[in-house]
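The same chain A turns up in both complexes below, where it pairs with chain B and then with chain C.
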Partner chain A sequence: MVISPVHYIALPLLAAFLMPLLAKVNRELVRIIPGVVLTYLLFVSVVLMQRVTETGQPIIETLAGWQAPWGINLVFSQFTGFLVSLMVFMATLIWIFSYRFKKVDNEPALKYYILFMMLVTGSVGVVLTGDIFNMFVFMEITAIASYSLTSFYRDRDGAEAGFKYLLIGSLASTFMLLAILLLYTQVGTLNMAMIAERMHTVPVGMKVTILILFLTGLGIEAEMFPLNGWAPDAYSQAPSPVGATFAALVVKAGVYSLIRVIFTLFDIQGAYQYLIIMGIITLIIAEFAAMKQTNLKRMLAYSSIGQMGFVLIAFGIGTKEAVFGALFLMFNHAIIKSLLFMSGSFFVYNSTSKDIKGLSGIGKKFPYMGFLFSIGAFAIVGLPPFSGFWSKLYILIAAADESMLALVAIILLVSIVEIVYYFRVVAKLYFGKPTDKEVVHKPTFGGYFSMTVLAVVILLVGFYPDIITGFIHRAADTLLDKGAYISNVLSVGH
Partner chain B sequence: MKRAFILLLLVVVGWVLADTFSQINFGESRMGDIKQQETVGAYYLNNTVEKLSVANVVTAIVVNYRGFDTLGEVTVLFLAASGLASILYRRKKRGEHDVMILKNSSQLLQTGAKLIFPAILVLGAYVFIHGHLTPGGGFQGGAIIASGFLLMFMAYKDYHVSHNVLTWVESVAGILFVSVGIWGLISGATFLENVLGTGTLNDLISGGVIPLIYIAVGFKVAAELTGVLETLLNFKTEK
Partner chain C sequence: MNNIVLIILILLAGGVLSFLLNQIKPLLSGVTAFVATVAAAVLFFTGTGTADNFDFVLGGMHLSMGINGYSWIFGALILGFSSLVLLYSISYMKGRDRLGYFYLNFMLSIMAMMGIIFSRDFISLFIFWEIMTWSSFLIVVYQGLSEGRVGIKYMIFSAVGGYSMLLAIVFMKAQMGTVLISDLVSHFSGFAIQQQTMVGILLLITFGVKAAVMPLHVWAPRAYSDSPMSYTSVFSGLLSKMGIFGMGIVLISVFANSSTFGTNTFYISNVLAWLGAITGVMATFYAVIQTDAKKLLAYSSIGQLGYIVMGLAVGTKLSVMAALFLAVVHTIFKGTLFLVVGAVERQTGTTDMTKLGALIRKMPWTFLAALISIIALAGIPPLAGFVGKWMFYESLIVSDHYFLVIMAFLSSTAAFLYCYRFLFGIFLGQEEKEFENVKEAPATMVIPMVLMAALLFVFGVFPGLLFDPIAKGMEVLGMGTVDWSMTVLSNGWGDHVDTMSIISAIGTIFILAFIYLALWNRKRTRYVTTKDIHTSGEIPTENENLTYAVDFYKPFERAIEPVMKRTMDFYYNHLGEGLESFFNFLRRFYTGNGQTYALYVIVFLVILILFSKQIFL
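== the complex of A and B ==
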């Protein structure tokens, strides 16, 4: 059996169906199997990325033996491959983190791990697929796993957050399905490459309606304003590893689908400006809302929304440098926000309340955790020796190159807001008056391990950005080369 | 004021959508340009019988051309059932009793249910086994079977389906579906490819792996929907 992109989908599904049976043999297997699967997928990523980088050509896998327009295909290009590898890497670390995670372990662990693995599979599938309806199916898998995981603790707030997410998410699915339906009546195919090829035959009015339906549906998953009401609740009520998964995988899948639809499927000029405007609104509102939060996890959630707004702005600029910066920021956001969620969750766990006030002086009790959280906070606001600095710099340069000076000013001003609320937390951690509470919960070994890995990656990329920029440059080039995407996909087997 | 604004917004959205949909000629005969093969639909109609020996083209699309989607849809159902079980999961407190339905259902319903239950099961099985020949298939057949169990739940207040059995059926059927896919990979073809011979049109055993997959889907859907009903009716679950 040759290693191919379908392994990303087939093996987790097989494992998910096997797990209820294996749980009867040994409960521990339930916790171990997702890790085994994810580690194998990490290996698959390395092999496939190597192959793609060597040949410079995307791997296009047909499924069920039917070529491009008739059947479904998976596209593992330098762009999708980069995102998928990032997702699998993050999922593996989050699995290590949540292994023996106390609060999850008190609950039915079997369901947790099945849902977690499907959340990963769904997000990876959204990125890999070359078929618009298949993307919808994977969106559904991701969404349904997210709803259940949001309300996993079954308390009142969790149920509320889960229900809110469920309502908004169902609306998103409906809009996306409507868009796909309309699209099919116009072009008679569901394959994204072929849709892109035939798009010029669609009348403009119809095109705009379809695009708006897509933007509404996908914007909800991508946390675009004003469709992101679910996000702060879902992030703060879900178990912490799941919060990290939302930031590292689910939002990335949402943004990917938005970008794929705008960059590849449609050729409407105003769409890029629309992205910039929505991005700016999202960024400003989210960052100011984050500053007002008293709850740490909610603050991180709003910051996450703000970062996604930033990504949308960068994609909206649309030049090669800007797309490079956007992808770099997506990478940075995945690792940094996960680190913040992981370390933040232990502070919240060990303080009397979920509030930032309750964190007073906790950095002195957990010096190492405080150190990790501070690295994350410094990195995400974009201080120089950390990885976040580079992505912000590249986006600013790209904006300046296009002489969008107002945009540069807005980004820099909002960065000040960002610095204010992150530094406020860091200051509380170190200079607040410690409470007398004893240390109750220490992180597990897995927790220490994955957080340390993330911190090392942040520093490493900060000092030597070259180790990652090569991949991102090629990913950006692949994304922007629409003609190559169409011809590559449609030439398979012809 | 706020309400009027929302109403206005809804009217505008509704008008735009209605306008867009009015441009599509739903119900118009499209058989005229079937030979053009512009759309994938035309290709399916023209080639399915010849290439797959499957009389029900919809089944061929669902299970073969777009079988990967179906695997995803099966997973969606599986996740919905798992998610429901994880949310409705509750440890029984000490001394707590199950919620009891005190009244028995009427004699008429009980006798009728007993009579009709096997017939519903047979109909469900018929629908998914003949999915490649007649209208229907795994999802429909599975739903029919689950409706039979629903009837039994309503008729008999202490009717129970073993969770153990449901888990086994569900898992084995799911594993079978994925294994058929991986079988294609192992035999050097693509994932979910029809690796068996297609046989003759209208035979019960024809269409290669299509009936196999639909039988697995039928069992899986039946077990999952029954499991969902069981979870909702008995608000307590396995340890």
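== the complex of A and C ==
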């Protein structure tokens, strides 16, 4: 079998469909198969990343032999490849983390793994596809899996959160579909490279309207203010591994599509300022709201929204350095927020309530977990020598290079708020008076393993960022080189 | 391997190792930390010179580490002092929880401080600065007091400081393209005056927070007193000196190239000098009214740093020399005093001066260390504090800062009050029943204290031992050559003070007095206890209290009441409360209602479409 980007989509989807059947053969297979698929995809990522780095050219795969612009194509460039590899890496770790999830009860476990595999398919597909309608389809796959995972626990809160997500998510798909329809009437193609090429023929008023529809629809997925009402509920009600999945995969796919639309499809300068302004508002409101949360998972959710605001600001600055910083931050956010969700949910699991108050002194019972959570907290607020510091530094330098000192000041002021609420938790974890709850659930070996891996990555990148910056630099260059994207995609088969 | 890298690695490895060894045997943890620091100190004092450079590229930025005469002073101070403190710490921390955690963070702080003084560029400076901040935060919350609120306050102020530096760094990077400190010095004159002001203020905020200069000091008293004492001595003695270290670079090297320099100093320096003076006075007042020995020392420490900042900000050769001299000496005597309080706390279980008393007989060596440090603090000859104070006053008078002299005089006079209270409250007075069985602290705690006290004596007699490195350091800062001599202090109008003659005079008096008491008068001397007196012809009963330690300085407290009414804390707390309610207001946006959220989406879309021309075109 020749290794190709198609495997990213075909294999998880196939696994999702086969799992109910295989579950009948052996119940353990339900848990093993996702791991096999993801490990293989990790291997695919390594091979393909090596190939694109060597040749400097993207790998473009057309499905069923139809050439662009008619067929559906997958573009594995240094940019999309980076994101996909990150997603697969995170998915693998989350699989290890949740290997014994619902151990006693196999029927929910089957559901969980099927939805998880669909979610991986969807978010990876969004990034890889070169076709705007296809992107919509993958988006829907992701969304449907996410809705179901949010309301996985069939309690009142879970159902409510799932319903909210569904309500807002359906608006998102409506707007996006509308935008795609309008776009098709204007340019007569769904291939993104071709759309980008023909965009200058579209009348300005129409172009802006389409852009606005895209921005609203995709802004919902990218957790942009004020479209992110669904996010805190979804994060806090979903099962613990799913919170990490949202942060590492779903939001990344949303941000990717937003960026792809703004950077590649359209050529409207105002969109960049729009990103900066909306990013600032998102960042400020989310961090301030996080400050007042009493529930740990909700706090993490708001913090996640804030980070996405920060990413949008960086993309909005739009220079090479800023895009580099933004991608670096996306990478950091994926690993750090997952670590925080994993260790945080574990604390919540072991405490009497979901509240931060209930965590008092729990770090004494689980020193290693407390240590991991602290690493995550330090990293996410951008303290050196953890990985979060570098992305923050690069974004700030990029902003200063564009003489946006006020922006730098705002970001730093908001960061102080961030420090306050994270350190409050850290101080409470370690030095609060311990509650006398005796029943404790030890984390599984898989849980230890994946959290340790994440912590090691955080420290490694923090001490020596150069191991990752090369990939990110090339990814940023690839994203910004619109001409090369168009010519590469369209030259296939010609 | 490069010595600079090696020192950092030894300290880091020592920290990690002591963390791990704690799992095997807690005692090993402290010993490892001590050994690692001593090893680093040996390497520093024997093999590290200006030739040791370490240039590297990290994350696409050219960074550089090295050492010069100025940073050598601080490096020597850090490693020398923390070696002694860690020796003390072995016994002091015995039997406490999570020693591995404590020593890991302790070593990380030391490593970070060494990193700071080695840094030649702002990025590595910032990295180590932040490591210092969070490692010290983790120790401030270590004892679990006040639900971490003190730690959070410390962290907020440190974050304000750290991020000011980061803002200055990204500005510099955008302006000059490099982040080397030497490049800032040479490019500074090219900045517009607003830019100079901005960079200057931002950097001074960073260093001012650590040096606890008014109005950025409110974190300090509680953070100092809540940490374990062996760390507090480092906190007040060394971490705060990192603020002084940075201020020295900014105020002297960088501002020397500011536009308004020349006839008069850059105006920020004057503001800072005054802030230092106010800090000195206010903190001293607060120190006087404390009843807890830890808090007394904490405030006293803030006040003393105010002096040092004043000296640096005035910026003449003499004042800078005085400031640096005081900085070194302050580390030694205040560090010793914190260790003394730690020893007292460990042996008696309290640091409340209204409860303690008469420990002089129980803990004579500790008392000796305390006495010498207090004399040095008060600036009485022949100890090192006197030398610093002499130069300090002289420099202010010579440079015509008469109001500052008055402020300094006011605070150093008030300082006598708390000096006395400290000695009296803990060591003198009437013996208390509950402290009957108190023993002297173990030798590993006494030795560092006494050694440091001896050092104060040496520096008092031979101040030139310190003048030598300080003069070299000032040359590096760009102040030209500085004259000094080993034992003679002189002033601008021709007076000379020979420390040797002072010491011989005092020594003679002591020897004569000793001979008189011990030999001539031997027959008439006898051992007296506290109750061996008559008051108005009555013999006091055993339980009668003859000394008082409560409301010690009531009249003084009444006198200064008007100034103390509104603390800075009050305003910060109000600001905090205001912000919290603002956050609460913003949070209401997330109503938790799905329909509202859907409405937001629609409204947002409508707004975008309505204003599409303004936003996107």
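The rule is simple: the second predicted complex is superposed on the first by the 487 of 494 C-alpha atoms of A that agree within 3 Å, B and C clash if a C-alpha of one lies under 4 Å from a C-alpha of the other, contacts with A are read in each partner's own complex, and residues count from 1 in each chain.
In this text, a contact is a pair of C-beta atoms (placed from the backbone, for glycine too) under 8 Å apart; a residue touches a chain by one contact, two chains touch by 3 or more.
Not measured: the values here are computed from a predicted model.
**Q** Now for A:209: first (chain B), second (chain C), both, or neither, which partner does it touch?
**A** Once the two structures are laid over each other on A, A:209 reaches both partners.
**Q** Is A:390 contacted by the first partner chain B, the second partner chain C, both or neither?
**A** It touches chain C, and chain B stays clear.
**Q** After lining up the shared chain so the two structures overlap, which partner does A:405 touch, if you call chain B first and chain C second: first, second, both or neither?
**A** A:405 contacts chain C only, not chain B.
**Q** With the two complexes superposed on chain A, say which partner A:282 touches: chain B (first), chain C (second), both, or neither.
**A** Neither partner.
**Q** Taking the superposition on A as described, I'd like to know which of chain B and chain C A:343 touches: first, second, both or neither.
**A** neither
**Q** Per the contact definition in the header, classify A:351: touching chain B only (first), chain C only (second), both, or neither.
**A** neither
**Q** Please work out whether A:80 is in contact with chain B alone, chain C alone, both, or neither, and reply first, second, both or neither.
**A** neither
**Q** Identify the partner contact of A:303: answer first if only chain B is touched, second if only chain C is, both if each is, neither if none is.
**A** Neither partner.
**Q** Where on chain A do chain B and chain C both make contact?
**A** Comparing the two interfaces on chain A, one with chain B and one with chain C, the shared residues are 209.
**Q** Considering only the defined contacts, which chain A positions touch chain C in the complex?
**A** Interface residues on the chain A side: 160, 163-164, 167-168, 171, 175, 204, 208-209, 211-213, 215-216, 220, 226-227, 229-230, 232-233, 268, 270-271, 273-274, 285, 288-289, 291-292, 367, 378, 383-385, 389-390, 393-394, 396-397, 399-401, 403, 405, 408-409, 412-413, 415-417, 419-420, 423-424, 427-428, 430-433, 464-466, 469.
**Q** Of all residues in chain C, which touch chain A in the complex?
**A** Listed in rising order, the residues are 57-60, 98, 123, 126-127, 130-131, 133-134, 137-138, 141-144, 147-148, 151-152, 155-156, 159-160, 163, 166-167, 170-171, 173-174, 580, 582-584, 586-587, 589-592, 594-598, 600-605, 608-609, 612-613, 615-617.
**Q** Considering the complex alone, what residue numbers of chain A touch chain B?
**A** 1, 4, 6, 9-10, 13-14, 16-18, 20-21, 61-66, 69-72, 107-108, 111-112, 114-115, 118, 121, 125, 133-134, 137-138, 140-141, 144-145, 147-149, 151-152, 154, 159, 162, 178, 182, 185, 188-191, 203, 205-206, 209
**Q** Where on chain B is chain A touching in the complex?
**A** Where chain B meets chain A, its residues are 16-17, 20-21, 23-24, 38-44, 64-69, 71-73, 75-76, 78-80, 82-87, 89-90, 167-168, 170-172, 174-175, 177-179, 181-182, 184-186, 189-194.
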